[in-house]
Amino acid sequence: MSSDRVLNAAVLGATGTVGQRFIVLLSQNPMFKIHSLGASERSAGKPYAQATRWKMSEQMPEAVRNIVVKSCDPALYEGCDVVFSGLDASAAGDVEKAFLESEFAVFSNAKNYRMAEDVPLCVPVVNTDHYAVVSAQRAARGLKKGFMVTNSNCSTSGLVVPLKALQDKFGPLSRVIVTTLQAISGAGYPGVASLDILDNIVPLVPGEEPKMEAEVLKILGGVSSDASVCSPLQDLRVSATCNRVPVVDGHTECVSLEFAGEPPSIDAIKQCLREYTCEVQALGCFSAPAQVISVTDEEDRPQPRLDRNAGAGMSVTVGRIRPCPVFHVRFTLLVHNTILGAAGASILNAEYAAKKGYIV
Amino acid sequence: MSSDRVLNAAVLGATGTVGQRFIVLLSQNPMFKIHSLGASERSAGKPYAQATRWKMSEQMPEAVRNIVVKSCDPALYEGCDVVFSGLDASAAGDVEKAFLESEFAVFSNAKNYRMAEDVPLCVPVVNTDHYAVVSAQRAARGLKKGFMVTNSNCSTSGLVVPLKALQDKFGPLSRVIVTTLQAISGAGYPGVASLDILDNIVPLVPGEEPKMEAEVLKILGGVSSDASVCSPLQDLRVSATCNRVPVVDGHTECVSLEFAGEPPSIDAIKQCLREYTCEVQALGCFSAPAQVISVTDEEDRPQPRLDRNAGAGMSVTVGRIRPCPVFHVRFTLLVHNTILGAAGASILNAEYAAKKGYIV
Amino acid sequence: MSSDRVLNAAVLGATGTVGQRFIVLLSQNPMFKIHSLGASERSAGKPYAQATRWKMSEQMPEAVRNIVVKSCDPALYEGCDVVFSGLDASAAGDVEKAFLESEFAVFSNAKNYRMAEDVPLCVPVVNTDHYAVVSAQRAARGLKKGFMVTNSNCSTSGLVVPLKALQDKFGPLSRVIVTTLQAISGAGYPGVASLDILDNIVPLVPGEEPKMEAEVLKILGGVSSDASVCSPLQDLRVSATCNRVPVVDGHTECVSLEFAGEPPSIDAIKQCLREYTCEVQALGCFSAPAQVISVTDEEDRPQPRLDRNAGAGMSVTVGRIRPCPVFHVRFTLLVHNTILGAAGASILNAEYAAKKGYIV
Amino acid sequence: MSSDRVLNAAVLGATGTVGQRFIVLLSQNPMFKIHSLGASERSAGKPYAQATRWKMSEQMPEAVRNIVVKSCDPALYEGCDVVFSGLDASAAGDVEKAFLESEFAVFSNAKNYRMAEDVPLCVPVVNTDHYAVVSAQRAARGLKKGFMVTNSNCSTSGLVVPLKALQDKFGPLSRVIVTTLQAISGAGYPGVASLDILDNIVPLVPGEEPKMEAEVLKILGGVSSDASVCSPLQDLRVSATCNRVPVVDGHTECVSLEFAGEPPSIDAIKQCLREYTCEVQALGCFSAPAQVISVTDEEDRPQPRLDRNAGAGMSVTVGRIRPCPVFHVRFTLLVHNTILGAAGASILNAEYAAKKGYIV
């Protein structure tokens, strides 16, 4: 199929905050038409505008207001070319499996299948090479055209981008310590209680640290020589500490890292990050940012309110790049947690898949 | 002189936010009577209530409302036994020197003399042993009874408390990486602009990182064998990354550390922190906390709004103590940045000095 | 019974935010001993420290940590002299009735019985004269010693204090328009979602406006000549608009009002508010504030963070008293919504009841 | 001159927050080209990117980064067709007068000339009929093509829109009481100190209340029969109480109002607001919103974070339209304070002027 055909898209978990972000982004994307919206039984049967407590700063797109929400049964989604899942992990396991087995192209934002060895865990500006395992995935699961690609945890998304650029240029990394300051939108709605976060910090994001520590290794790794499975890195050690802060959108991450080999200079690091490019740019994908990494020399940047919209939320901003007295270099990065960190990544993964002919 | 006499106290920089905190704490402290208030020429001559834009949640103590503010000339402070300085660094250099040379006991919260080798940089629950250099300080500067003791940067204050406990029990540390989430009150008034911090993080606290990295080494170090100077640690490497967050009071710090020798178990670390005691407690100093380190097992604590007042702001709360995949252990601590991190430390330093006969 | 005996107190709804505030205040009050803690079946049987997600800035009092929470069955509360209810309205209706009929002295913070004509709706610094209906309440309900007193909605509590002072001095008011800016703690936990209130205002507090508009009339009214029922005002019109704002504690209220008769001067109004006193002060009740109304002449006060703790949260701060181009006078007031606006009022109501011999 | 020519625009006060908003909006507006940027002597001579601490969420437009900032001397602005002033009131008086006398078309956001009787105070979706005094303004001041139009205070901008719609349809209003909850961006940078607004409200916006109370009368009034001066309303009384709240952008206003004559029904009011249209829409001005007033029936709207971008910041959202127990109707409105409330209004005023041939 031509990569230029407008694809019919379904959004599962459409009433949640990730689902709402999918809808905002898809409504601005010429490659997709929102065809179906899926949610829980409680919402099914209602027009979307009525089923949803809309929490985006952007107005709800007119085109979806009257779409009748369906339950998440694959039989109801005939005519959809791609299925985006913004489902909670509690529902995603069964539902996504059902859609996959029904031969849909599934792009999931949930954690359930991220670590499955035949499922690409793909940050689209980092490791589209992992799509190589899709054939093996289909073979192993007896599928003809269905397949699943997941995107990473929101905090992971920001971290792997500069790490990938550095690893490609300067060779393997050995140790990374990262501390995050994560926005409340990552927790959905109602999510974080205001009494927990006004004039306060919560020094825990449940489940986040092990996810980050594992996902980085898979994303920065490769695929096996027979392209049957993903091959996570073995020799990189990652320590993540995750905090929730009173910011609406945009995760800030403070990173110290050590190279396995001879470390490059700070200037070389800056240049490497600035020059980093990736395949989705070369292919001209609609959601690919012009600049994958926006390197700032202003000493008090990146800041969530000022930088989260860089590259329409698809760029990672990296600043405060300086020597680390303990490791080799430290820096602070910012990623839009619901765009590159969630819905935007999923959509760009689908654009890539379409361009490369995976969606059939 | 008896340690039980009520001491006449002066507060320099009395109209600023640190000065205001000094006044709140001193007004509740039976050991001191507020005798004189010093500030800039602009405020001098006015009653305190009129010279000050009061920003504390506690009401301004009645006893200070009508005290006429003086300029910071030592000749005007006759009758004062101790001088607390909450001056800005821009003024503190000359003024504190003048008071010292006028034979006052000076307890400074400013950075100017912290790294002078004959001046104790003392977090009173950590290293009162550094008072040993006071005699040498007097000798070197030709003083009879005057001396100066500084307290540390607010972020340093929180960090050194558990590090000291661990170092005392398990031997030297080799590497520490710390990321802070610092409250706005640390920047004074007007300080941080609201446009910079509402729905935002500022990933820089100007000047803070080098201060933390240097002060930790001095505080955790000892004094020379002839008690003439302080001897900072040589073999500990510290990397600090400092962020400003939308929290009013209370600095949160995420720490990963490595021991030089064999690491203890997580349980042994918890027990060590819980059992840590110090000299100001043994002496029964009024401001000494009952528990120096409050160890919490709740997985989402410490939190600034809930824990900053532990031990009336003089305890450090440590939580999330767990293994670090990169170093040996990681944890999150909370310190009240204007109490143990500033005015409270200074006052407890003075209480200690009085008990030990330094104030003559 | 002597008013000086320490009374055994029960707190119903003890695990909620109002219940937590009751516990903090009672633990500092020499007149009461916390005897029993009641909550839902889910919490019953657990030690309080385990049953509760503590959200107060003050540490949980040691004395309650190990009290085993009970269900809200009056039979389990033998030995309690007073029962404080911080129950949600959904539970309060039945439970409070059961305790009342079991002959307990019930002090309720819930809305359920506030408008019952034989139940005092009492802001203790305003209308303790409404206790006159207690005899009739007992008679009508066949009770010997049990009775119920409610306190008002948190926003009402702040508003009626200056209105009462003005009405007493200058005669009836005719019209009041009030707009509130209410703190999140009023909504309990988890209460307001952070996505609804960070960088945001919610222009609705569900159910609040009709409560305010009705409660003001009852509180500012009197009792019938035979002391059988409360007699709400007939001729005052009140319009309330209620907003939720990103403040932890402290409701701000902007008031414009019209006197029925000749309006006093602004100076006379200020003097009247400053001089206002009430019966709980005269009786020396422990929780009565020294100054009922704190009038401020600073043009940018009251402010929640700076003024909510005036009078230990039992004073109302009134500022910006100035002519109104539409009515006679306008001003801005601040009330601590969980102290004078909730638990503190309830406790002071009980102190008053004890002093006056109602608790038998 | 044709209204379709692209106009060369200057922005005075270009480095401030209003100036930054002008730049963002102008860079997206096909009718204008940013030609010159003016600021204080301190900034003059520097490239804009270097002279400015950029505080917008939108990235600084590439086209302005290298424009060299000029001082505000009219002689330096040759070639500019329109001059937008975002100057502080302290500078605007002299500078705007100088540009006016140099025959520029001046669109000012400052307060200095708003109440001058021959200067239109124009909210472009409300009272473009006031442009009728421009001829008299030129005549009185001896100008050939220069003229000045001001826009209103940010809070006034929101209020007058529904008032105008109601007055046009239902006849004069007699009394309005309004309480505002204003965003921090209205105070510029650094503006409000974070210690004043985190977990806090400031119940005063200096100078704002008298401005609102006077500007409403001028805007809702007409022009004299000879079109020589503006004629403010005489019979409307307005009481404004202004608060600063922790919101970045978007002023919320709670309004109660009384009609001079028979009041319409709530439904008629809603319909009137929904149907309101204005001249800039009819002319097809680029910045005119499709819907001037967005009426919402959701009971907890408008909210700043969700509604401030309605109509690209040029619509006013009105909700909670309901009867008022004291006056006739009350409602809550939201206006984007730096778009319709400042730079956006000024730009739309200029678009209107161009369309109508005032810019020559």
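Chains here go by letter, A, B, C and D, matching the order in which they are written, and residues are numbered from 1 within each.
We adopt the following convention: contacts are C-beta pairs under 8 Å (C-beta built on N, C-alpha and C of every residue); 3 or more make two chains touch, one makes a residue touch a chain.
Given the structure is predicted, the values throughout are model-derived calculations rather than measurements.
For chain C, the chain whose average C-alpha position is most distant is A. With B-C and A-B as the two chain pairs, more C-beta contacts join A-B.
Computed centre separation for the pair chain B/chain C is 40 angstrom, with centres defined by C-alpha atoms. Look at where the CA atoms of chain A average out and do the same for chain C: the two points lie 49 Å apart. Centres computed as Cα averages put chain A at a distance of 43 Å from chain B.
Taken residue by residue, chain C touches two or more other chains at 55, 196, 198-199, 246-248, 305-306, whereas all remaining positions touch fewer. Of all residues in chain B, those touching chain A in their complex are 175-177, 179, 181, 196, 198-204, 213, 237-239, 241, 243, 245-248, 252, 254, 256, 299-306, 319-320, 324-327, 330, 332. Within the complex formed with chain B, the chain C residues making contact are 54-59, 198-199, 248, 305-306, 308-310. Listed in rising order, the residues of chain A touching chain C in the complex are 17, 55, 184-185, 189-199, 246-248.
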